[in-house]
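Multiple structures are listed underneath, in structure tokens.
Okay, so subunit A shows up in both of these, paired with subunit B first and subunit C after.
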Partner chain A sequence: MKDLLKALPWIGPAVALIAAVVLFPVGLMFWNSTRDISQSGVDDGGVGLANFATVIGFQYFWPILGRTVVWVVVVVGCTLIGSLALAALLNKAFPGRRLVRMAVIVPWASSVVMTTLVVHYGLEPYFGIINSFLVDVGLISTPEGYGWTRHPGTAFAWAMAVAVFVSLPFTTYTVLAGLQTVPGETVEAARIDGASGVRTYFSVVLPQLRGAISVAVLINIINVFNSLPILRVMTGSIPGYDADTVMTMIFKYMQNQRQIDLASALSVIAFLVVIAIVAVYVRVVRPLEEV
Partner chain B sequence: MTAITDPGTTSRSATRPPSDNRRRVRKYTTDQVPLGSLLLRLLAGLVVLVVFLLPYLIMFFGSVKTKAEIRSVDPTYFPTEWHWDNYVTMWSTPETPLAQNLISTLVISLCATLLVLAVALPAAYYTARFRFQGRLFFLFLVIVTQMVQPAVLTSGLFRQFIAIGILDTWVAMILVNAAFNLSFAVWIMHSFFAGIPKEVDEAAQLDGAGTFAVLTKINLPLVWPGIVTAVVFTFVASWNEFAASLVLLTTAGNQPLSVALTKFVGQYETSWHYVFGVSVVAIVPVVILFMIIEKRLVGGLVAGSVK
Partner chain C sequence: MAQYKRLGGIMAITLAATTGLTACGFGGSSGEATGDGTTLDLLVPSYSDATQGNWDDVIAGFEEENPDIDVNLQVESWDNLESVIATKIQGGDAPDIYNGGPFAGFAEDELLYPVEEVTSEETYADFQPTFLENAQVGGTTYGLPFIASARALFVNDALLEEAGAEVPTTWDELLESAKKVSELGGGVAGYGMPLGSEEAQAEAAVWLWGGGGTFGDAEAITIDTPENLPGAEFVKKMIDEGATQADAGATDRSPLFDIFVQGKVGMQVGLPPSVGQIESDNPDLEYSIHPIPTEDGSPFTLGVADHLMAFQNDGDKQEAITAFFDYFYSADVYVPWVQAEGFLPTTLSGSEQLAGEEALAPFLEVLPDAQFYPSTNPDWAAADSAFKALFGQLDGKKSAQDVLTEIQEQVDAG
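Presenting the complex of A and B:
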């Protein structure tokens, strides 16, 4: 106990900050999810689990949840496959490699909102540059292009593409770090035994990347599940709920409908889902063990 | 979860701070590579380069076009005239007070970074150096924070900040950015401190230096790269933060650029050239910061990424 008191000046401020800005809001959110809060913010008393019933009873709830699963699985899956290929290339020697590595960092450092805005502009009919390119190369026959961002399905698909694009840098660098721990002798030994390059990669290199991959996937799942800006920019102006995920729905409850109690209930659900995914993942894959 | 039961060794092996030269053991040479596969790699590298820079090139070229050109039904890939004056006129566009948004972004990011440094540095040092009751609990708390993001907590934060009267203030976002980047900063600096042999400290203590002097005079110069990494990550994450700012900052002038720029979307006639001009101004500095710590970006392995 005495040594804890001695430690307090050093760790106390950090504990206070976490308690006040992370733990307390979690508690408050759980509390608010059981209250009836008016649009002007007045607490009109407890309602038990009624807010959860309303949120889950909403006719688009299950489609939104299903879309969230698609969003996470597709984005994280494509990111992982893309990163493995990208890291394999960036781990090999070629002139200008450093320049390419630097270019890969750019979407990581850049604001996701700004990256998405460029794509959104590019997809505009008539003057969007991506549409114009697709018309120029003959993939679209209508001269004004296609209204990608006007339809929930195509807007959502493009949002997934942007999400993969901005997730690639971090994942690639993590895999690259993993590749650097693969001893060169193991690769050479496989080569001497007559294994092809592809065979060597899949049976010698890939198994040794397990630690790096599992950590990268875990962090990507958390980030992609919690991602708001891409869908907000890409699909935010589409009426209805056909391109929403749990996260965008929370913000619709909060901002468009000003129903903080329902927003809290859905946030609690999202929070528990993240915790559950992380818990299951950590138990099954044990990502932190081998790093 | 070994990372929690023995954070010192785990994080050290993950980020491997002091042994950068070890990473360089495998020399990359193009000597023994056949010309054919070298050309193939070069080609693939070129494709990657173009793909990753393309959105930002479109941004840059768009930022110097006129409004008429960027909204023309016959779009041009490259600007016909280079209108550098967009970078001056964009600040007075009516959609949002961009100059104030830039100041907000700067103040919030700088203050959040300073706060993180002030709070995380002592905690990282102490937990790496001393065993005490509650140490593992503290490190567990730090890891758990890493799993939570502000987006999922905004409804709680919103009500909390109304109650204490700091909704729609810079202070609110400084606290949020600091709190949610704290775990990464503690973790990365912890791993650097843990990489310094304890004997170094003990030698200094024998010479009569106190705990504080050991930290500032002996350890700080050695963990400097870890501090720079933590600072850059925190600054860039705060600079780009979107979800919490969207809800917690309600006055246009208080909002950071990330939130302000979304207001252009859905306008009757979006001034895309201004959107891109502001984006270029906002992106260039943070990309440079990231490039400076390029070698240490993998430090984010355990502690997460910016996005």
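Presenting the complex of A and C:
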């Protein structure tokens, strides 16, 4: 207790900061989710859990939740496979490696909205560069191109492609850092024992990357689950709820329908889902433990 | 010199810190009265790139006449406007004067001054009576009609001539002409139908009302009615028979009108500012403006009026607000503003001044037949967003009846 008091002046500011920027907003979100808030933002009193019932009772809720799972699994999965390949390549010495490593950072350094908008405009009918290309090489027969971002399926697929693209740099660098901690002797020993390159990678290198991969996956799951801008740009003009994830649905409640109470309730659900996923993941994979 | 620089730096930091605080919504009241002077906070949307400059001119003129009143201008995009105002109200930091669309929700929450309390008698009497009626909740006027627009059919004469099609006045003629134009090929669309989220409610009104339907009145929003069904079914027919551009359900209005301006769309419903857009982007386009075709050919237009409204807040700025409105609505200030943005005036004196404008003539002509959104109904905002989110589903497997039912359900739940 005395130690705690002595430490307080040093940890106090940090605790206050966490309380102000983390705990307070979370608390406010939980509070708002149990209130009836009018469209112009006036609090009309508590309603218990009615907002949650409305949100879960919405006929598209379960499809949206399912789509969110697909979104997270596919994006994180593809990102991981791509990053492992890319990191393995970047770990080899070759002329110009430094430049290639720099180039991999570019999607990381540029704004996500910007990257998505570039792809989005490319996919526009009439003037989009991707559509023009596909029309010119004869893959699309209509002269104005295909409305990629106007059909839920194709728009969602393109959004996933963009999400993988912007997630690659971070994951690649995490894996690359992991690769550099793999001792050369283990690989050499495998080679002396006559193991093939593929066997060496899967049986010797990959197990030693466990720490790096599990941290990268954990961070990616949280990031991808909470990702709004890519889907917002790619699927924003599609009517109905056939391309929505939990995040875009929160946004629709808040921005389009201006139901802050329902948006808060869905946010709380999303928050709990993420906490649950992370808890299970930490329990099963134990990413923070030494190998 | 160096001292001034440092002063500038300190001011910049202070400013940044203050705006940062207000931005989080818990900043308390900004714009408190300083000394004898009063500060009016003005929150407006951006109609065009020139909006900020137009307001700056108005404010400069106003502050010169009223040296004891300062006006703080905040310009937001239409996309953000409604969430900004909701956040400000929730944070107890509502602006004094706000320019927006729906206002009935604010009136119902008793946040607004009745217009008669914040305008002089002359200013109040100068508004077009039809617009004032459209701005009333329970017999009291809460919104000052600000600018009006009407819709009309923009027709690409060159394309219609090439296709041998006539300018339509009824739906059947429209379908026939649009199909002829679509058959020209080369990516040309007969009728540009924007059902995407940007402004689906407008295209919905054009069709549902054109078939004799309504969206309801101040008491009830009625979307799922037999009167609205023919319009929705005809939209489906237009799409299914290939009379429109591809993917009508997810096409937004502004990008589609760009394509009309490029000469790739035969006919599309446009607004007064569309005239200016064609003039600046593609003056060679051969086009003409006609009344919107309806089921039986009777004239009709969708009128839209945006409103100014005054928030009560602490109730101590009534005089300053009145001074501002009286200044703004004087014809010499108001008409140039409306003209610069390419809209129509809502005051009698303004209409008189603009009577000779040729470009506005086709719109002023249809204005007497204008019908308005039921924007005084507090549920209209919910209906508006339901149309934006759901009406585009007509381009798809859902039947017209199902789409109307789903919209009605979302309105009733909102």
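Throughout what follows, the second predicted complex is superposed on the first by the 279 of 291 C-alpha atoms of A that agree within 3 Å, B and C clash if a C-alpha of one lies under 4 Å from a C-alpha of the other, contacts with A are read in each partner's own complex, and residues count from 1 in each chain.
Keep in mind that, in the parts below, contacts are C-beta pairs under 8 Å (C-beta built on N, C-alpha and C of every residue); 3 or more make two chains touch, one makes a residue touch a chain.
Since the structure is predicted, the reported quantities are computational estimates derived from the model, not experimental observations.
Visitor: Is A:I260 touching anything from subunit B or subunit C once the two structures are fitted on A? First, second, both or neither.
Guide: Once the two structures are laid over each other on A, A:I260 reaches both partners.
Visitor: State whether subunit B or subunit C is in contact with more residues of subunit A in the superposed arrangement.
Guide: B
Visitor: Output check: A:F251 vs subunit B and subunit C. Expected answer is one of first, second, both, neither. What do you get?
Guide: Only subunit B is touched by A:F251; subunit C is not.
Visitor: Between subunit B (first) and subunit C (second), which, if any, makes contact with A:A157: first, second, both or neither?
Guide: After superposition on chain A, A:A157 lies in contact with neither partner.
Visitor: Under the stated touch criterion, which partner chain does A:G236 make contact with: subunit B (first), subunit C (second), both, or neither?
Guide: both
Visitor: If you stack the two complexes on chain A, which partner ends up touching A:V187: first (subunit B), second (subunit C), both, or neither?
Guide: So A:V187 meets neither subunit B nor subunit C here.
Visitor: Classify the contacts of A:C78 with the two partner chains as first (subunit B alone), second (subunit C alone), both, or neither.
Guide: Neither partner.
Visitor: If you stack the two complexes on chain A, which partner ends up touching A:R97: first (subunit B), second (subunit C), both, or neither?
Guide: In the superposition, A:R97 touches subunit B alone.
Visitor: For A:V285, using the defined touch cut-off, is the partner it touches subunit B, subunit C, both, or neither? Pick first, second, both or neither.
Guide: Neither partner.
Visitor: Quick one: is A:G147 in contact with subunit B, with subunit C, with both, or with neither? Answer first, second, both or neither.
Guide: After superposing on A, A:G147 lies in contact with subunit C but is clear of subunit B.
Visitor: Pick out the shared contact residues on subunit A: the ones touching subunit B in one complex and subunit C in the other.
Guide: 41, 126, 144, 236-237, 254-255, 260
Visitor: Report the residues of subunit C in contact with subunit A in the complex, numbered from low to high.
Guide: For this pair, the touching residues of subunit C are 79, 82-83, 85-90, 105-106, 108-109, 111, 185-187, 195-198, 200, 245-247, 249-252, 255, 259, 262, 264, 378, 381-382, 385, 388-393, 395-396, 410, 413-414.
Visitor: Once bound in the complex, which stretches of subunit A touch subunit C?
Guide: These residues of subunit A touch subunit C: 37-43, 54, 124-126, 142-144, 146-147, 149-151, 236-241, 252, 254-260.
Visitor: Which residues of subunit A touch subunit B once you look at their complex with the stated criterion?
Guide: 1, 3-4, 6-7, 9-11, 13-15, 17-18, 20-22, 24-29, 32, 41, 86, 89-90, 92-97, 99-115, 117-122, 126-129, 132-133, 144, 165-167, 170, 173-174, 176-177, 180, 184, 212, 215-216, 219, 222-223, 226-229, 232-233, 236-237, 247, 250-251, 254-255, 260, 263-264, 267, 270-271, 274-275, 278, 282, 286, 288-289, 291
Visitor: List the residues on subunit B that touch subunit A in their complex, please.
Guide: So the residues of subunit B touching subunit A come out as 1-4, 10, 13-14, 23, 26, 28-30, 33, 38, 41-42, 44-46, 48-49, 52-53, 55-56, 58-59, 62, 70-75, 77, 115, 118-120, 122-123, 125-127, 130-135, 138, 141-142, 145, 147-149, 151-160, 162, 175-176, 178-180, 182, 186, 236, 239-240, 242-243, 246-247, 257-259, 261-262, 264-266, 270, 272, 275-276, 279, 282-283, 286-287, 289-291, 294, 297-298, 300-302, 304-307.
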